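The letters A, B and C name the chains in turn, as written, and every chain counts its residues from 1.
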Amino acid sequence: MVSEVTGTAQPDDGAAGGLRGQSRTQKVVLAGVFSGMVILLGLVPSIGFIPVPTPAGNATTLHIPVILAGMLAGPVVGAVVGLTFGLFSFLRATTPIFKDPLVAILPRLFIGVVAWAVYAGALRARRGLLVVIAALAVFLAGSFAWQVHLHRPTLGSIYLILVLAAGAALVYFLWAGKPEAVAVVAGAVLGSFTNTALVLGMAALLGYLPVQGVLLVAITHGIPEAIVAAVIASAVIGALHGTTGRQRSDL
Amino acid sequence: MSAAVKAAISIRNLSYTYMAGTPLATPALDGVSLRVNAGEIVALVGQAGAGKTTLLQVCDGLLRPPATGMVQVLGIDTAEPQALSRLRLRVGLLFQRAEAQLLERFVGDDIAFTPRQAGLPRDEVRERVRQAMQAVGLDFEEFKDRRTFNLSGGEMRKVALAGLLASRPELVLLDEPTAGLDPESRTSLLEVVRRLRDQGATIVIASSSMEDLPGLADRLIILNHGRVAAEVPGADVWRYGPLLRAQGLDLPELCSIVEHLADRGLDLQPRSLDPDGIAEAICRIWTS
Amino acid sequence: MQDLDFLRHITLGQYFPRRSVVHALDPRVKLLGVALLAAAISFNASYAANAILLAACFAIALLSLISPLYILSGLRPAIPFIVFFALIQVAFFTGPYGPTLHPRQLLHLGALVVTDSGVRLVLISVARLLELWLLTSLLTNTTPISTLAGGLESLLRPLSALGFPSHDLALVFTLALRFLPVFALELEDTMKAQISRGVQWNSGRLAFVANSRRIAALLVPLFVDALRRAEGLATAMEARCYVSRRRSIGGKGHTSLLYLRFQARDWVALAALSAFAGALILCRNAFPW
């Protein structure tokens, strides 16, 4: 039986140590370390991209250290690591869209902050509240899918089914999952969507991409990227804090 | 060396350069040719940076040799990418950094990794893990649920070794296995190596220290700056003192004693180059 | 997973040692110069101004004794993407852009409308890409990264009087760069170890969840180790009295090995760049086409 969470999850082993209440020096070092991760992922193609079944072909993983920085070290560190991500993305960009600092750098500042806010909030929130929020999100996604359905029946039906399935899985997960597992997944998914939504939003705002196209790409590309972020963030934090997944070997 | 003895490793004229094609290119191996026969224990000795790790990793197909050089391991040419995954299930490589090898969150799962990959049934996997942990001195019940990231360096090394044992490889490649171990762990590791050989495995040990090797290895291959400088038989290694010193290495203390005695005219002829063999030889001469 | 030699990947911005005017300039001039030119680039949406800017970037490359075409060849793999996005933009963009107030339709194919504004947007975007690519490449081609970091920190130092943690920020980037080779080697090790134990990578896009798990298995040891290092480093820094409060020891007054000093040619270069960029920004509406 799992009681309602009113406080923060405690790290289980010594590897993570106390990552709350860090001194400023610790924050600087953590920001540096996570920023190094971002650059590493950006430079080594085998772990920087994962092939996904979307038109873009690859989901990037560079936003994941930003999400982790936000969740593990707070919003300020998350913003700084996001800045590194943005700068790196800007400097290496080979398409005009990303050669614009407003598209490449500005949105990325928010990834870590959102991830932190969702993670910290989800840890403290009562389970019922989470389910209500999730239900709201499902409702919104569902009404959007319904709108699409009215204009384009086949596409809309697919969306609708996806939304309902995701919604059911989401509700089950929130109700039955361990608090930290839920918080990590929520933080990772929403952090990833922040990246997708804000970058594409800026691109649309500045005229680089048409609005309808942006919405399509956001959903078809954003979902696999969010799943990838959730898988990897859960694995890392699960290993660090030891509070997710199995608690013993499978022998 | 009769041709009928199968070669576990056959390398001809291998050269490897790290970061080839960039300004930072570093040559690691230069025209290396060697052969390891099935069932042998061969030691690769050389100073740090001589190319030992590179050579071992090439043998596991982890580094592709460039155009020059042919590498055949257990009859498989490492230049063929499709054959490599089959090869790796038959070869066990113990890395210098034990942490790099630990895959799973829990010790038991990590050791069970390769048997599970091979599709063995659950009971057999469990039995293999138990035996492997026993061979390295880790209590099964106590350690199987421990977290891999929480172990000490020595414990990690033992877990990595147990993982290797559990896969029952034909060819065992050990990269600096005794570095940093306390004497008791070192003795038990050498015991494991001997037991592996008795079970028919071929073993290659890379080491920058000569300790423990003469009593263990059939042959020592000396690497210097990426080239094979010399090959020395394990039983007679004490005769090669000057050669080793020229390569920046030195004899272990026990062998030095045998060398010094020989220089003074006393030809000891020990049966084996370990304390027991030398003591036996001394007593033999003393009583005759 | 063919190439397991990772250190080769992590050269950030190739540095080409040459004896050129640009190489010898103070890094702060180069940083400010790039910033000024970038501003000029963003404010100018006319063909004429961009032609001038592109020529200026070519000129700077030539002054650095580096071939601008060689630098631009780095964009070659991206050409399909650039063309693809350009086609999308030109087909859907209908708003005004640049000096022309009323976009003229050039082509009309059902839902697709091509206006001269759309064409302008595409062409100017590509021009900007070329200009920025040249400038940012030249920055790292003519200055080692550590020197650039030092220059950046020096530029930001005045801000620390206002409470902006410029020293901390500079340290964050320095640490990130310093850890890069360490992480790369560890990652290489971990990858080789996992491959040698029989981990298979599924090629194929639908297996992306399984592939995410594989990548997670690579990143977890890296993160755990990185966090351990972070803890150790922070403790060491604090033990050596790195104190990072406002207006304190770490914030100002700390000495660095890099001693930067403006010389005559730096002032000249800065003045020239400011005048050039300033003129372009102020006169941005004066260009007819």
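The rule is short, and it goes like this: a residue touches a chain if its C-beta (ideal position, glycine included) is under 8 Å from a C-beta of that chain, and two chains touch if they have at least 3 such contacts.
This one's a predicted model, so the numbers in the text were calculated from it and none came from an experiment.
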item: Category of the chain touch graph - line, ring, star, complete, other; value: complete
item: By count of C-beta pairs in contact, the leading pair of chains; value: A-C
item: Centre-of-Cα separation between subunit C and subunit A, whole angstrom; value: 24
item: Centre-to-centre distance between subunit B and subunit A (centres being mean Cα positions), rounded to whole Å; value: 44
item: Junction residues of subunit B, two or more chains touched; value: 149
item: Numbers and ranges of subunit C residues touching at least 2 other chains; value: 217, 224
item: Residues of subunit A touching at least two other chains; value: 15, 239
item: Touching residues on subunit B, where the partner in the complex is subunit C; value: 18-19, 21-22, 24, 57, 60, 62-64, 81, 85, 88-89, 91, 93, 95, 97, 99-103, 113-114, 117-118, 149, 163, 167
item: Residues of subunit A touching subunit B in the complex; value: 13-15, 238-239, 242, 245-251
item: In the complex with subunit B, residue positions of subunit C that touch it; value: 2, 4-5, 7-8, 11, 186, 189-190, 192-200, 217, 221, 224-225
item: Subunit C residues within the subunit A interface of the complex; value: 1, 3, 6, 9-10, 12-13, 42, 74-75, 77-78, 81-82, 85, 88-89, 92-93, 95, 97, 121, 125-126, 128-129, 132-133, 136, 168-169, 171-180, 183-184, 187, 191, 203-206, 208-209, 211-213, 215-220, 222-224, 226-231, 233-234, 237-238, 242-245
item: Interfacial residue positions of subunit B with respect to subunit A in the complex; value: 104-109, 112, 125-126, 129, 144-145, 147, 149-150
